[in-house]
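Once you scroll down, you'll see the structures, which are given as structure tokens.
You will see two complexes here that share chain A, one where it goes with chain B and one where it goes with chain C.
Right, the complex of A and B next:
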């Protein structure tokens, strides 16, 4: 699919908009619809498209595996850390009032935002991991033996 | 019949048509397109029911990422369906039975938009709408909010101080933050299981594919 100019152009034009829209979803989780889960899925979808057109190896060059592994664990840790922080501050686990004890109602959106960032990072990283691990080794170009499978030119058949 | 009813009926009819067409389509590429359209139409329907968060998720997951994943899959498998259409009676019976049970389950539910439904009279709702509730002493939620304020002076009268404009976010990451924490842990575990099982297995049976 790499040689198909329409696919290349479609991905190149759509990817930045998808990522920006996902960031909007992430940062406005407590104000409008959406949140960490949706934004993580949208960013992952943008990179899936990139991988579908330019190949998995190229996608892993842009988003390496060590990076997604780090993000998956980091997101969960950020979530748990928010809860543990409120515990150490003398509140209940995940009581977001601990973020700003002088104004519990005003602290709530801040706690929610932190937690949502954790969710978003983990979901993005987990989606990328699923894509990477399932498609690993299925690209004829990646195989050193050079054996190629069935017709893999998506553009030629569609 | 009001206009919303008309829109709902048209949308649901289109959802059913898209669903049946997605099952019946022989060309798998067309089937994926129809399944994507099915999800998008369902998202429109959720929006008319004011469930925008559900609609957002349906559009992002159902119409977005799963479509891309399925397109990746048909590049691996091929585009035509191998037709084998004998009716599997036990499966059909099981599906019909579950459908009947589900419909039976909805009979107990309150009517859509019923002001006396538990969702609208429960203390949580009173907490969410407290600013408005406190201005209307005749409402049912007013008493609940007052009761809670008397019982919990340390929360300065709030049943639950998670007032953000999006109530769904409020519930998911504040009121039920513990649930969401373990949902995140579950998907993290899924990814780690994939890493343990599949990473580095170059000689896997999916040889000769795309990516």
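Right, the complex of A and C next:
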């Protein structure tokens, strides 16, 4: 599909808007409809589109696997870290009042925002990992352009 | 600061292995996964010990922890009582001992490139198991059930280097386990529909007017509550592998890496049984589950069948690991029979067998893991004449086997003593007979292995040495503990009776 100019143009033009829309969903997550799950999936969908048109290997060049691995664990760590922070500040686990002790009610959205960013990162990374696991090695083009590190990085595929 | 952290123990116990598991996965291929896992499980063990002491010293003998400081019916509450704290202590102790054992065993069975994922998942699995035990929220229980199950599926599949069948067993376990979790979740949804709450004590309270209305002209939510409980019961039975729903267990235990089999056999099904007890006795109430719906009859039929069929199937196995897996199905039958009796001795038997079987079967799986480590197989023919080559390993295995039969001076005897007296107290003479027949069948399958170990002759001599001490010490520790609790059952009986009284006291 790489050779089809319409496809290439459609992806190039739509991708930034999809990511911006995902950020919009993300920032409205803490108190309204939207949030980390949705935005993570939308960002991932944007890159899926890129991968479908330009091939999985090209997508993995843009978003390498070590990066999604990092985000998958890092997102949950951000979530847990928010909870641990409040715990070490003398509050209960995930009591967001710790973020802004002077104004506990106002602190709630801030804490939730951090948690939602963690969710968004992890959902994005896990969606990408699933896509990679499904597509890797099935597309002959992938093997040609080949990211050589892909298989050795994750142990021998016995 | 330390005082504050001490009040945070219920959350810290669950959050610590989760965080550490993520860090292990993040650090990646530098091989320090085991060291982090070992430090974490040891730390969690110390924390559960402290929590149990705090609970027992506390006036009401229970501690409630509010997640995010949200008040009870709205937020998630973690509740530590004598029962949940002791089950957590067992899980944490088994996790620490098996982790100590697992370093060389896992390194020999799991590919190097996947070791950091293995240790991450290992810690997630422990997170889920500890969380299920302490949570006081029906939905949160589902989430933690999924955390432990999903990591378990992957851990089972990582046994594929030894035998490709690990993959099909993992898929089979995944399908059945997911179905079980779905059933449980639908059950929670039905109860939520009827009561509008997810907090376990709160649901129990709100169910009372609903039960009261059933005799009248306008019964409230009768079918909803019955369907909800039925769904939860089926889902949890799948999780704890109660007889007709045990299909996933034998292969999953057989083809998983040795350390994973030991962890699953000694903690996962025990936590499932604990969750089932909690649902019957503290969530829907024994008056509804046993008095009105007669679930106890069904449970007794299932557990009786589990004891007979599990032991019978164990006799027919040629792979010793699979033999132990079928034996586990029978032992789950004993545990379920204990709480189905719903009297003091039966409940005590159930809780005490939870502890004793965790030690015995954990130790036996570890002993088999050493055979796997040295010989690369666990078929009956691999064990032939090993009694001379690996005397300590085989002595541990034999002592564990005696515990499975229930020979006096082993912990199995104590559990069966309580179980039979519970059966007689409840007037269930046929179930007492089933327990005795089960012990006879256990004698047969244990004897088959013991005979092979000590009297079997090999055609050609193989050079086998005793297993390394890092694997031997944890095994002997578990088996030694199971023998100790057979000779001096006062500690376990005290804990089990306190837990039984707590559950029966909460039952309405």
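General remarks:
The rule is simple: the second predicted complex is superposed on the first by the 141 of 158 C-alpha atoms of A that agree within 3 Å, B and C clash if a C-alpha of one lies under 4 Å from a C-alpha of the other, contacts with A are read in each partner's own complex, and residues count from 1 in each chain.
Just so we're on the same page, contacts are C-beta pairs under 8 Å (C-beta built on N, C-alpha and C of every residue); 3 or more make two chains touch, one makes a residue touch a chain.
Quick caveat, the model's predicted, so the values are computed rather than measured.
Once the two complexes are laid over each other on the shared chain, residue contacts for A:14 go to neither chain B nor chain C.
Partner contacting the larger number of chain A residues, of chain B and chain C: B. In the superposed model, A:4 lies in contact with neither chain B nor chain C.
In the superposed model, A:136 lies in contact with chain B only, and not with chain C. When the shared chain is aligned, chain C comes close enough to touch A:90, but chain B does not.
After overlaying the two complexes on the shared chain, residue contacts for A:27 are found with neither chain B nor chain C.
Judged by the touch definition given at the top, the superposed model places A:76 against both chain B and chain C. Comparing the two complexes, residues 69, 72-73, 76, 80, 83, 93-94, 96-97, 152, 154, 158 of chain A contact chain B in one case and chain C in the other.
Remark: chain B residues 29, 52-53, 55-57, 60-61, 64-65, 68-69, 71-72, 75-76, 78-79, 155-156, 158, 161-166, 168-170, 172-174, 177-178, 180-181, 184-185, 187-188, 190-192, 194-195, 197-199, 201-204, 206-211 touch chain A in the complex. On chain A, the positions that touch chain B within their shared complex are 1, 25, 29-38, 41-42, 44-45, 48-49, 51-52, 55-56, 69, 72-73, 75-76, 79-80, 83, 93-94, 96-97, 104-105, 108-109, 111-112, 115-116, 118-119, 122-123, 125-127, 129-131, 133-140, 143, 147-150, 152, 154, 157-158.
Across the interface of their complex, chain A is touched by residues 1, 4-5, 8, 11-12, 15, 18-19, 22-23, 25-26, 28, 65-69, 111-114, 160-161 of chain C. In the complex of the two chains, the chain A residues touching chain C come out as 69-70, 72-74, 76-77, 80, 83-84, 87-88, 90-97, 152-156, 158.
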